[in-house]
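Okay, so chain A shows up in both of these, paired with chain B first and chain C after.
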Partner chain A sequence: MNRTILSVRGLHVCFFLRGRTLHALRGIDLDVYEGESLAIVGESGSGKSVLNKNFIGLLDQNGRITEGSIRYYGMYDKMKHNPAGGTDEEGRPYCDLAKIARREDWLRIRGSEICMIPQDPMTSLNPLKTIGWQISEALMLHHGMKGQMAKDETLHILEEVRIDHPEKRYHQYPHELSGGMRQRIVIAIAIACQPKILICDEPTTALDVTIQAQVLELLKELKSKYNLTIIFITHDLGVVASIADRVAVMYAGDIVEIGMAEEIFYEPRHPYTWALLSSLPQLGQRGEELYAIKGTPPNLFTEIQGDAFAARNPHALKIDHLEQPPYFDVSPTHRARTWLLDERAPKVEPPPALKKLRTLGGAVHD
Partner chain B sequence: MTDHILEVRDLHVTFGHGAKRFEAVRGVSFDVRRGETFGIVGESGSGKTTIGRTVIRVNPATSGSIRYEGEEITGRISKELDRKIINKIQMIFQDPMASLNERAKISYIVSEGLQGRGIPKQEIEQRVTAALNEVGLLPEFASRFPHEFSGGQRQRIGIARALVMQPEFIIADEPISALDVSIRAQVLNLLSELQKKRGLTYLFISHDLSVMRFICDRIAVIHLGRIVELCETEELFRHPLHPYTRALLSAVPVPSPDYARTAKPLSYDPSIHDYSTDKPAWTEIVPGHFVLGNNKELDGYRKQMEK
Partner chain C sequence: MLQYLGKRVLRSILTLFIILCVVFILVRQMPIEGYFPNYQKMTEEQLKNGIHQMGLDQPMIVQLYGFFKNLILHGDLGTSRIYRNNVPVAEILAPKIPISVRLGALSILFSMLVGLPMGTLMAKYKGRFFDHLGTGFIVLIQAVPAAVYYLVIQLYGTELLHIPMLFKVNNPVSWVLPVFSMSLGNIAYYAMWLRRYMVDESNKDYVTLARIKGAGENRIMFRHVFRNAFVPMAQYLPTSFLNTVIGSIYIESLYSIPGMGGLLVDVIKKQDNAMIQAIVLLFATVGIIGLLLGDLMMVLLDPRISFTKKGGDR
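Then we have the complex of A and B:
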C-alpha cells in the first residue's frame, strides 16, 4: 500500500441554522493513499460534499469543525513554520487542514495541492472569459507561466483532456461548448494547477452515459500519468466500479464501510451497502419489483441513537437501536461498522441477488 | 394483428427558419403497442423530448404522421379529438416542479389539467386526493407548497398530476434521471405498479440503458434525430447491430470491478457510413428487429445475426 497523503481522524462538522445545530459529520476516520482513486458513495445528504469541502477550506459560513484532525502530508516541509504544521509519530511532516484559519494559507493549498471539480462545471467556469484565458490564468497563478509559454502549455493541456480543435476552442467561451466538453475544460484547469489530490464531486451525474464513460477514462489516464490521487464522489455505486481502487460508503455523516473495490462489490458486509447495491437497476429483473430502500435517512438535527441505518434496515438487531457499532475488521483493507460482524450476532446472509455482481459483464465485448 | 395505440410515420420536426433552421427530428417511424413500455434512448440533443412534445401537440410536426388509436393527431384536428388527446396522453418530466409556480399549492398543481372545465370543485378535490393516494403521498400534502418536498416526492407529485387526468398513455421523459439511486428504484416500482393496475402504455425516454433494460419491453435507439435501431429489449442487448447502439451499450456502467476495469467504451464515428451512393434504409433484419443501414451494411448485419 502506498503512503498516506491525507489522514482524517475523529472529524465532526456541525452547521448552525437559526439556533439549531445540524450534525453533518459524526466522527469520520479516513486515510487516503497517494496515487489511489477512492470512491465515496452514499445517498444525497450523507455528507460526501461536506467532508470534501473541508479539504479545500470551503465549508459554508455557518459550518464549523467541532472536533478532529485532517493531516495532509503532501506539502512536506512547506508548512513547517505554520501553526497548522507538525510531525507525526513516524517523523513525517504534515499540515493539519482542520487548523488552518488564514485565507493566505488556504490559497497555497487550494488548487495547487488539492483541487475540486464540482458537479456543475458552469459554477467553476467564468462565462465572460475564453477557455484559453481561464486555463492560462491557472498556469500563471500556480506556475508563473506567461505569454507564449502559457499558451503552448494551454493547448497541450487541451489536447491532453481530448478536446478537439484546441486552437479554435482556445478562443471560445464556456456557453459555446456542450456539457461534456465543459467538464473537460474544468478538468483541464485542474490539471493546469497540477494538484496532488483531485476531488471530483459527482462530475458525471449530469452527463450522458457515453460522455460519462469518456470522462471516467480520461480521469483514469490522467491519474496514472500524473500520479494523481483521486477522490471520486457519487451517489451511484454503478459508475465507480471502473475507476475506484477503494470504496468508502457514507451514511448519515459517517463512513459505514470501506474496503478495496472488490471487497465492497463482492463481499459487502454492511446492510446499507447491500441495500445500495441491491437497488441498482442492473440487478433488477424486468417485470419484478426493483429493490428499494424504505424510508428516509435520519434527521441530523437530532442526536442519533445506535446504528443510524437501523430504522431502515430489515436485518436490524435489538442492539442496533441502542448502541452505535464499532468498526469490525473484515480484512486488513476492509472494515464495516455493523453489529452483524460481532461474534455474538446471528448469521445474516447478504441478499442472494448480489451474487450476480461477480459475473456481470457488459453487453458489448470487443 | 398487434394493437398499436400510437403509430408514428416519417416524422420530421424543424425549429427556426432560414439560416437558423434546425431539423431536430429527421424522419422517425415507430409503433407503440397498447400496454407496453416503449423506450427511446439517445444522447441529449438527439430529439427525444421533441418527439414527446410533438405527440402531445406542443410542438407542431413539420411533416409525417402521428396516429393515436388510428386517428391522425398532427396538424388541424377537431375539438373533440383535441380534448381526448389532452386527457388520454400525459407527459411527466425530469423535474416536474422546475417550471412550476413555487407559490402554487400542490392541490392546484395536481389539478391544473382539470381546471376551467366546469368540473365541480368537490369532484376535483376527490380526484386530487385519489391521485395523491395512488402515488403514495398523504392527502394533507395537497395544501403544501413544492419547496417542502424532496426530489422523489416531487416526482410523485408529477405523476399524480398526470394520473388525475385518467390517461391511457404516459410519456415519461427522463423521470428518474435527476434522482438518487435509492429513490430511482422507488419511482420505477411505482411506474410499474401503476402500469399493471391501470393498463397504462408508456413511452419511456431516457439516456440510461441500464434503467431501460429493466423497465422497457422494446427500445428505439435515436441518434441526431434518426432512429438507428429498434427491437425488443433483450434482443438489443444480445444482438446490437448499429455501431451507435454498440457504442451506447459499451458505455453502460457495469457495477463489477473485474469487468469494468478492463472494459473500454467504444466510440462512434458517424463518418464510417459511406452513404454517397448506397443510401441507408430502415430495414427489418429479422422479425421485430429494425436497423438503419445501406445494402452493404445490412449484409454485414445479416451475417452478424447468423453467428
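Then we have the complex of A and C:
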C-alpha cells in the first residue's frame, strides 16, 4: 500500500440556512493513498461533492467545517510556518486543510496541489477567451511561464489530451468545440496545473457513452503518466468499475462502506451497498421491474438517531434505530458501518441477484 | 465583415431617407396659422405670399424632391425663417453642435471613469459596506428628480468652490459643474448595470474553474468577469452617444450654455420646418452611428457574436 496523501478525520460540515442547520457531513474518516484512484459513490445529496469541495476550499459561503481535520501530506515542509501546517506522529509534515483561513494560502494549494475537473464542461470554460489563453493561464499562475514558452507547453498539453490540430485549437474559442473536446480542454487545464490530487466531479455525466469511454481512458493514461491521485465523484457504477482501485460508498453525509473495488462489488457488506448494486440495470431480470431503493434519504436538518439507512433497510435490526454502528473491519482494506457485522447479529444473506455480479465479473473490470 | 459593414451603411442611409420623408410630410400637416406669429392681423394676400415664399403651395412630391435635391447636391439644409429670420440652418447649428458634443463627450468619459470602477468594486465587495454605499448613491440619483440635484450642485458648487455660474467656452473651470451634473445620472446607470452583470457572471461555472485553477480574486474579477460583464453594457452605447448631441435642456439653461439642449422642441413649437428637418437628420444620423458602434463593440468583445456567419446577420 502506498503512503497516505490525504487523511480526513472526524470531519463534520454544517450549512446554515435561515436559522436552521443542515448537518451535511457527519464525521467522515477517509484516507487517500498516493497514486490510487478512489471512487466516491452515493445518491444525490449524500455529500460527495461537499466532501470534495473541502479539499479545495470552495465550500459554499454558508457552509463551515465544525469539527475534524483534513491532513494533506503532499506539500512536504512548504507550510512549515503556516498555522495550518504541522508534523504528524510519524514525523511527516502535513497541512491541515480544515484550518486554512486565508485566501492566499488556498491559492498555494488550489490548482498546483489539488485540482478539480468540474461537472459540466459546456459552461466551465470562459466563453470570451481562447483555449490557448485559458490553458496558458494555469501555466503562468503555477510555473511562471510566459510567451513562447507557455505557448509551446500549451500545445504539448493539447496533444497530450488528444486534441487534433493543437495549433488551430489554440486560437479557437470554447463555443467552436464539441462537448467532448471541451471536457478534454478542462482536463488539459487541470494537467497544466500539475496537481498531485485530481478530483473529478462526475466527469462524464454530461457526455455521451462513446465519448465517456474515451475520456475515462484518457484520465487513466494521464494518471499513470503524471502519477496522479484521482478522486472520482460519481453515481455511475459503470465508471467506478472501469477505473477505480478503491470505492467509498456514501450515504447521508457519512461513508458507510469502503474497500477495494473487487471487495465492494463482490463482497459488499452494508445493506445500502447491496441496494445500490441491486439497482444496476445489468442485474435486472427480463420481464421484471428494475430494482429501486424504497423511500428517501433522511432529512439532514434533523439529528439522525442510529443508522441513517435504517428506515429504508429491510434488514434493519432494533439497534439500528437506536445507536450508530461503528466500523467493522471485514479485511485490512475493507470496512463497513453496519450492525449486521457484529458477532451478535443474525446472519443476513445479501440479495441473491448480487451473485450475478461475480459471473458478470468481466463486465465489472473490463 | 467589410461586406456586412457596407450593407449596414446602405441600410442606414435608407432608414435615414425614410425618417426624413416621414418628418417632412408630418410637419407639413401642421396648421398654417402656426407659421405666422401675427396671423390674426394678416390679409388674405399677405398669407398667400408667405405660403408661396415658403414653397408650401407646391405639391408635396415637388417639395420633397426639392428638399432632397438641395440636401444631396449642395449639402443645403435650407433656411430658417421663423426661429431666426432668413439665416441658413447650417449657420445656426454650426456653433452649437461642437459645444454640446464636447460637453456630452466629456460627461460620458467622466461617467465611465467613475461609474465602471464603482460598479466593479460594488460587485467585488457585494453585500459589504461599499456595495451598500454605492446602492444608496444609485437609489438617490434615480429617485430624486434630476432638476433638484442640478440646482443643488449649481448652488453649492458656485458658492463653496467659487466656480463661475455662467458657462464660457474658453474658461475650463466653468465646464466643471455642467459636466459633473450631466455625469451623475450616467455614473449611477453604468455602476448599477455593471454591478448587476458582474454579479451574474461571477456565479458562472467558468469562474469556479478559474478559482480551482488557482487564480486570485482580483485576477478573476478583472481578467475573467469584467470583460464578460461588459459585453451586455455595449447596448447602452447608442443612447449615451445620442445624449451627447441632444444636450440637456436643464443644464444648458441653468448655466446659459449655447448648445443644442431643447432646440428641437423649440423649433417644433415655432413650426420652423427647415430647422426641424435639419435637427432630425442630425439626431437620426448620430443615433444610427451609435447603434452601429454598439454592434461593432459587441463583435469585438464577444467571439460568439459574428456579423458574417449565417444567422448572425441582423
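Just so it is clear, the second predicted complex is superposed on the first by the 358 of 366 C-alpha atoms of A that agree within 3 Å, B and C clash if a C-alpha of one lies under 4 Å from a C-alpha of the other, contacts with A are read in each partner's own complex, and residues count from 1 in each chain.
The definition used in the following text is that a residue touches a chain if its C-beta (ideal position, glycine included) is under 8 Å from a C-beta of that chain, and two chains touch if they have at least 3 such contacts.
The model shown is predicted, which means the values in this text are computed figures rather than measured ones.
Within the superposed three-chain model, A:Asp236 lies in touch with chain B and out of touch with chain C [touch as defined at top].
Once chain A of one complex is fitted onto chain A of the other, the partner contacts of A:Tyr291 are limited to chain B, with no touch recorded for chain C.
Looking at the shared chain after the overlay, A:Glu137 reaches chain C, while chain B stays out of its contact range. With both structures placed on the common chain, the touch criterion links A:Val186 to chain C but leaves chain B unconnected.
Residue contacts after overlaying the shared chain place A:Met116 against chain C, while chain B stays out of touching range. Number of chain A residues touched is higher for B, counting chain B against chain C. Using the contact criterion defined above for the overlaid structures, shared-chain residue A:Arg103 touches chain C, although it does not reach chain B. Within the superposed three-chain model, A:Gln214 lies in touch with chain B and out of touch with chain C [touch as defined at top].
In the three-chain superposition model, chain A touches chain B and chain C at no common residue. Only residues 43-45, 150-151, 180-182, 184-186, 188-189, 192, 207-211, 213-215, 233, 237-238, 240, 246-261, 263-268 of chain B touch chain A when the two sit together in their complex.
On chain A, the positions that touch chain C within their shared complex are 56, 58, 103-104, 107, 110-112, 115-116, 118, 120, 123-129, 137-138, 141-142, 173, 175, 186, 189, 193. Residue ranges on chain A touching chain B, taken from their complex, read 43-44, 178-179, 208-214, 217, 235-239, 241-242, 244, 261-262, 265, 275-277, 279-286, 289-293, 296, 357-366. Touching chain A in their complex are the following residues of chain C: 204-206, 208-217, 223-224, 227-228, 231, 301-304.
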